[in-house]
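Naming follows writing order (A, B, C, D, E and F), and every chain is counted from residue 1.
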Amino acid sequence: MPIVQMEILKGRTLEQKQEMVKEVTEAICRTLLCPPEAVSIIIREMEKDNYAVAGKLYSDK
Amino acid sequence: MPIVQMEILKGRTLEQKQEMVKEVTEAICRTLLCPPEAVSIIIREMEKDNYAVAGKLYSDK
Amino acid sequence: MPIVQMEILKGRTLEQKQEMVKEVTEAICRTLLCPPEAVSIIIREMEKDNYAVAGKLYSDK
Amino acid sequence: MPIVQMEILKGRTLEQKQEMVKEVTEAICRTLLCPPEAVSIIIREMEKDNYAVAGKLYSDK
Amino acid sequence: MPIVQMEILKGRTLEQKQEMVKEVTEAICRTLLCPPEAVSIIIREMEKDNYAVAGKLYSDK
Amino acid sequence: MPIVQMEILKGRTLEQKQEMVKEVTEAICRTLLCPPEAVSIIIREMEKDNYAVAGKLYSDK
């Protein structure tokens, strides 16, 4: 039942997302001792003008 | 003040979303004893390559 | 795969939460046409000094 | 390390978002006594048919 | 309808949270041009062993 | 800037959480090609009566 939500910036390839969910799921199962079927991952891709650090949008950096 | 966030896969019709928010709100009010105006629902629609179970994206199933 | 996150104020009984997840799940299945097993609900209970509307904490109202 | 997630309706200009993240970050730093670099803000823009209050989508109001 | 979720580390005083929600709400209203009643803020306070950066829990730093 | 939020059931040891954030961060960096410092992980631990699947709380299973 680990439910994972990930905010990432847009621009990753499908292959990167495929590899990422596979490896993150394995890391969770290995350390929290749960079966892979129990792990859900939601990816939310952000535009650069929807993410800010230190009061500045990424699109302005 | 119940604030509800729902992640669903893309592809539902407007009619389905209209019915869903109506019935979910009623279910919350009936059981938690709050007025409908207190219930906010945020729907986030996911692409199939942004949701994974068991380490596999939905778009790969 | 609808994943629901609900923020509610603390103070509901176990019975209310049992009824609520049952009825909300039914409402989702009926309207979005998915099986009950596909619906996960996360409840997060807030203290009154962790929720604000109009710039004022609930504990101050 | 304050991490802020904001759901807003679509339609704000880039200038509004620039000003908003700047001023919200300043408000957090001033009151929680943390450096601006510690504050991340995620903006999620909703369509009007993905937000409901009182069981009604915004697109139906 | 801006709905704000804030993750902060535990340890802030009630006074800090009161000031923070007040000033953040004002910053949002001023920049996004919405009335204060439209702004909800959810605060979630994290223990230091529930937050990690660079693969290390805060409680280990 | 990947920001990860994880909901897990209560009951994991500190050691499990330490290993988990370390390995999940490595998995993300390896696949999304970002430096470890860019990865933040928020863990939220749920009580069994705050998580439901198929309309039933975990505490009732």
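Things to note:
Just so we're on the same page, contacts are C-beta pairs under 8 Å (C-beta built on N, C-alpha and C of every residue); 3 or more make two chains touch, one makes a residue touch a chain.
These figures come from a predicted structure and were not determined experimentally.
Superposition of chain E on chain F using C-alpha atoms only gives a rotation of 120 degrees, nearest 5.
Chain geometry summary: the mean Cα position of chain A and that of chain D are 20 Å apart. Per-chain Cα centroids separate chain D from chain E by 11 Å. Across the assembly, chain F contributes 1, 3, 7, 24, 26, 40, 42, 44, 51, 53 as residues in contact with two or more other chains. Working note: touching chain pairs come out as A-B, A-C, A-D, A-F, B-C, B-D, B-E, C-E, C-F, D-E, D-F, E-F. Within the complex formed with chain C, the chain F residues making contact are 7, 44, 46, 49-57, 59-60. If you check the complex, the residues on chain A that touch chain C are 1, 3, 40, 42.
Interface of chain B with chain C (complex): residues 1-9, 12, 16, 19-20, 23-24, 26-28, 30-33, 51, 53, 58. Within the complex, the chain E residues that touch chain C are 14, 17-18, 21-22, 24-26, 36-37, 39-45.
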